[in-house]
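In the two assemblies presented below, subunit A is common to both, partnered first by subunit B and then by subunit C.
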Partner chain A sequence: MKNNRFRASLITIASALLCVLVGLVIGFLALVLLGYISLKGGSAPFTLGDVLSTAYNSGFKQVLLGGVYRLPRGLRNEIALAAPLIMTGLSVAFAFKTGLFNIGAAGQYAVGAFGALYCALIWNLPWYLCLLGAAVFGAVWGAIPGFFKAFFNINEVITAIMFNWIGLYGVNTLMYGGGSSPMYNLKTTKTWPVSAKSPASLIPDLKELGATYFQRPGTIAIFVAVVIAVILWVVLNKTTFGYELKACGYSKSAAKYAGINEKRNIILAMAISGALAGIGAGLYYLSGTAEWQPLVSTALPGIGFDGISVALLASSNPLGVIFSALFIAHISTGGGFMSANIFPPEIADVISGVIIYLCAFMMLFKRRIGGLFTRKENEGGKN
Partner chain B sequence: MSDYVIEMLHITKTFPGIKANDDVTLQLKKGEIHALLGENGAGKSTLMSVLFGLYQPDSGEIRKEGKKVEINDPNDANALGIGMVHQHFKLVEVFSVLDNIILGAEDAKMGVLKKKKAREKVVALSEKYGLRVEPDALIEDISVGMQQRVEILKMLYRDNDILIFDEPTAVLTPQEIDELMEIMRNFAKEGKSILFITHKLNEIMAVADRCTVLRKGKYVGTVNIADTSKEELSRMMVGRNVSFEVEKKDITPGSVVLEVRDVTVPSKLHKKDVVKHVSFEVRAGEIVCLAGIEGNGQTEFVAALTGLDTMSHGRIRLNGKDITHYSIRERAKAGISHIPEDRHKHGLVLDYTLEENMVLQRYWEPAFQDGGFIKKGEVRRYAEKLIDQYDVRSGQGSITIARSMSGGNQQKAIVAREIDRGTDLLVAVQPTRGLDVGAIEYIHKQIVNVRDSRKAVLLVSLELDEVMNLSDRILVMYEGEIVGEFDPKHTTVQELGLYMAGARKQSEEADDDEK
Partner chain C sequence: MLLAKYTLLYTVVLMLVALGGMFSERSGIINIALEGIMVIGGLAGVLADMYLPFSPATVVVLSVLIAGAAGMLYALLLGYASINLRADQTIGGTALNILATALAMVIAKRVNGTQAPKLNYSNKAYLFNIAGLDLSVFIPIGIVLLLIAYFILYKTRLGLRLRSCGEHPQAADSVGINVYKMRYIGVLASGFLGSIGGLAYIMPAVQTWDFEQGVTGMGFLALAVMIFGQWKPFRIALAAIFFSLFRAMANIADSIPFLAQLQWPKEIYNMMPFLASMVVLALTSKKSRAPKAEGIPYDKGMR
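Our next item is the complex of A and B:
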């Protein structure tokens, strides 16, 4: 009987891998096309082999290798990117599991960033309390659409989209404070670096391993994210709380019949979802590599929306999110290493976009692959 | 020219792990009402889905008027004049009646719908066959009975002349059933051929010309109704003799378990109340039945009783304790089990496994959780006990996804879960809806056992056979009021029918006398 569940997860993983494979093939074809255009622009004659080798050597290789292409810096960047991406992916995945679509991860991420930086720059709190601050801010921002959904049945997507923008500009305003905010550094037009104002708020380095391998240490952010993913998996699969949340997600009416307080669960689920996105921002902005730029942050943090892709690719499984976030981080880091004069770095986004698009067809693949398995089993039975 | 308008010859259809149809033959004559009889899971629905083009048979062929045809999808079926009323209606909830009827066969000019002619045709059909519908009402707002009439009109609108009815009477009242029978006879008289899927023998005896019986996917035989009996048919269907009577011990009811006083529930659709000042009591060791035509407030009353919905007025006491303002969970804890009317909507989380569903009302109990962590081992052990005890059949035992189970077994699982809680009050709403005789017999026995163990049972049923067989007292509900109280030993189905239809009402004084 165990076999059955094992097989189901195997099929899910196989279909995700299939999506990835097809996405990479289509990405390669796009690179070939771009390479052809670029070579045609030159005066030198060229062959098909030239086109293919340009596409591979100046673009596709980088995408495939990702951060490994430029060791050790690339890998360090990749992992640094993966940590917050895991968090926003978990944020969206957790909401999906409870039947909600948290498109507001971007806004919760921005508000969470404010929470983290405020705790760090103003109160000089240690890093774990700053992460907690980020979580609380994100949670509040997630809970609001949840509240509207639970009590007024307003679609959480609409509220969350609006709260994305309210959050982003609210954060910009607060951090800038007309230039006089204590968080804002007039000279750099960014928030003050956490390392300068409050070193204790920086996420600790991964000293031994990091220093020897990456030359400069990375942080333990990735481990924090992985631990949270595991905790989330346990909550969803092993606890009564997870049982209630999933019941609400599958069937609100049956959950109500079972005496589950579905209003409370919707708000809680959105709050937790928001907290996860907030922690993601904390992991990023407390790593000492980036500051918030209140004057030029006019677009929502893309990482919030990438979380949707990550969650879809992982079929909303918290453990799967770890791998899908690593993968998305891998190809987008690789995208940055492509020869910029031939290929725009956005090609990595195209590839991940194709992959995500294919994820929508995943159900179809699942059935096909499932069919393959059964057929094989049946044949086995005959022999 | 063949005698038969449709023939399905030697159809075999296999699903992973199960042979749903094994060499089944079904021949339908023009102008006849042909019943297809079998227990749940006997393969009736699969066979019809093959005919309707939803499944492709592994072997066998379908002939129309002697010519072999391929039916690859419902459009092919429709082109051959085959229409089907599904057991679970296929209607768009937020569309109007008219829109649902024309959906897929709509007339349009330059992409703009031409609804006027369609409306005329629908109104004409509805008048001709006595199929009352409100063309502009939304599906989600109308009764199940009317939804079914919409489904029938859908077939007529498409000029189908081979009509498949998949368990059409499961959702109807006695009077509505009579009406439907009459409608079916009219269809047959006009030369339409009818395939009538059911497991209700009375209806087959009343309306069908011939009957084909399936058992466990296999063809048992085809008989002329004129030459057979109910007993004969049930033996063919189940493979053994079935008793239609429920055996009940005589017991004197004990103390009052449920006391309902003056309960009023407002409607969600209009300003009027759907339940008006309802008062009654249920005692320990007694089965009280709320009978009535569907849509007379029973559903809303049960929702208010179990806490799914709020009431505007009145009190509910359980064992003397006022539970009027209790939440759903608090009521469950206080001692109410509830077999809900809609097993898909309320009774089960369809995407949960059977074992997860078995603890849906108890997962929070210390027996099944420890510090918020579910004790998986305990849950499985408990689920397997219930599965075994109540003979719930499924593909993979306790880890079967509830959605993949047959309706009868889903219902059994719910009955098992609710009865096993052993609460003082069992509220059973249509507990045997859509089930076959074997399963009905079984569930009836379980409900009587609950009563015999001196618990109180409130049964809500639309099936008069069930009402008469099971209850100790019958309350008839009409338009949100209780219009009469009866002792099943001293009343008849006909008398109940009159009260249910609102033609008669016991006066207030008479009501008081009986108390």
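Our next item is the complex of A and C:
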């Protein structure tokens, strides 16, 4: 029986790797095309080999190597990006486990960023309380779609999308405050740096561990994220509470029949999901390297949507999320190192989009193969 | 007058895109990719407008058709995943939304040769003026397409078959209707209408577009319009007017004395259509009647 479960998880990992591989191949083809266009724009004659080597040397190599391409700065950036990605990935994955699609991670992330920055810049709270603030703000924003789903039976996807935009515009308004908000620095047109206003709100640095190698070591954000991932795995797999949430995800009516309060669980699941996305924003904006730009933030934060790729790639397994987030952070960081005049860094987003597209039906094939094993297990009398 | 101008502009956009969503959902496919389809259609139309070397009138016709064709091609990706491969339609649609913005940025950056994903174009040929009211060619196009959509959906055999596939595909199949084909037609129609809607959003209002912002959530608003319009063409048109009034407020708040006095930040107005859609959805949810089989992949073996 253990062997079967092992094989099922192998199949999961294999199909995720297949998604990644196809995504990378399509990304490479896009680079070849862009390289061709750019060489054709020049006057010098060129061969197919030139096109391929341009695509590889000034684009694909960077994507493959990711942060390793430019040590040590690149690796630090990659890890700094991975921490919030793990959180938004966990946010989406947790909702998936409970049968909900949280497309609102982007909005919860934006609102969480406001919570974190408000606690830091206005109240000057220590970093862990700021993270808590981010979690609370994100949780409220996540609970709203859950509420609409539970009491009005409106699809959480629609509500979450609407509240993504409401959240983004609301956060921009509050942080800007007509230019007079105490969080807003008129000179830089960004929010005040946390390091200047409230150093205690910065997430602690990794001085002891990394200082010898990195000139400026990263923060402990990545460890916070990993610890939360492990806690979430335990909650989902080893506790009654997690079992109830998952039961609602498998069948709402069966859960209700078994005496589970499914309305409460939907709202709770979305609130937790939102809190996770909010913490992700906290980890990012309290790291001391990023400020919110209320005037130019017209698009929803991409990290929220990348959370969907992260969760799908990990089959919503909280531990898998750690690795898929590292992968997405890897290619995004690498995308930034490409020769930007030939290859726009958004190629990384293209790859990520292709991967989600593939995941949409890959998971289905996998479930079908995996279904064979679980059925056998059930016949065995356990579970 | 300004209010009328912007309301008309947004009404046509929301109506076209929501009609697209209607065709797709009536055939049984949830199309959350409308936002992405709008981006692709808008990009294709803008590029056609920039590069086609014909007379202005020809360029207008061709750019609209090219936008429509690009949207149909893009919608095929949704169709293939959700019809043939029976993928999760919401996830597939989300992927296409993300992919569309990323692709549009890559292409826009390459076309203008800088790091900013902005395109400049001329929109004079699309605009005309009747009795002091600025209008765009998309208004007559929208009205014609609305009538055609109504006619096809309710007065033709094709429309009846398409609707049956969204309600009870097994029954439709049992009387010899090709469910896959009908669903493809629904998805393609949504690609055509959605992408023309995208062009109608980008082209008439401004002469430069930053593709980083995609189409600022209009595709998602159109989904709310479609639900509020109960998946019926004329109701969708009315719902589109309602939402457009809210949307237009953001553009003209400064020029209405009463609103300007409130001195609300512009973002509040940007927020309004989304808030309005939530209120409307909450109020109508009890009566709402979506196509029964939408979102469920059709599997012949399950008949």
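Simple rule for what comes next: the second predicted complex is superposed on the first by the 363 of 383 C-alpha atoms of A that agree within 3 Å, B and C clash if a C-alpha of one lies under 4 Å from a C-alpha of the other, contacts with A are read in each partner's own complex, and residues count from 1 in each chain.
Criterion: a contact is a pair of C-beta atoms (placed from the backbone, for glycine too) under 8 Å apart; a residue touches a chain by one contact, two chains touch by 3 or more.
Nothing here was measured: the structure is a model prediction, and the numbers come from that model.
After alignment on the shared subunit A, the placement of subunit B and subunit C results in a clash. When both complexes are overlaid on chain A, the residue A:G178 reaches subunit C alone and has no touch with subunit B. Once the two complexes are laid over each other on the shared chain, residue contacts for A:S43 go to neither subunit B nor subunit C. Of the two partner chains placed by the overlay, only subunit C lies in contact with A:F305; subunit B stays clear of it.
Measured by the number of subunit A residues touched, the leading partner among subunit B and subunit C is C.
Working note: subunit B versus subunit C after chain A overlay, options 75-83, 111-119 or 273-281, clashing stretch identified as 111-119. Shared interface residues of subunit A, touching subunit B in one complex and subunit C in the other, do not exist. Only residues 30, 34, 37, 101, 103, 148, 152-154, 157-159, 161-166, 169-170, 172-173, 176, 178, 298-299, 305, 308-309, 312, 340-341, 344, 346-347, 349-350, 352-354, 356-357, 359-361, 363-364 of subunit A touch subunit C when the two sit together in their complex. Interface residues of subunit B facing subunit A in the complex, by the touch rule stated above, are 16, 306-308, 327-332, 338, 340, 345-352, 356, 360-361, 363-364, 369, 372-374, 376, 396-397, 399. If you check the complex, the residues on subunit A that touch subunit B are 1, 4-5, 238-241, 243, 246-247, 250-251, 253-261, 374. Across the complex, subunit C meets subunit A through its residues 32, 77, 81, 85-88, 90-92, 94-96, 98-103, 105-106, 109-110, 113, 115, 117, 210, 212-214, 216-217, 220, 223-224, 227, 263, 265, 267-268, 270-271, 274-275, 277-278, 281-282, 285-286.
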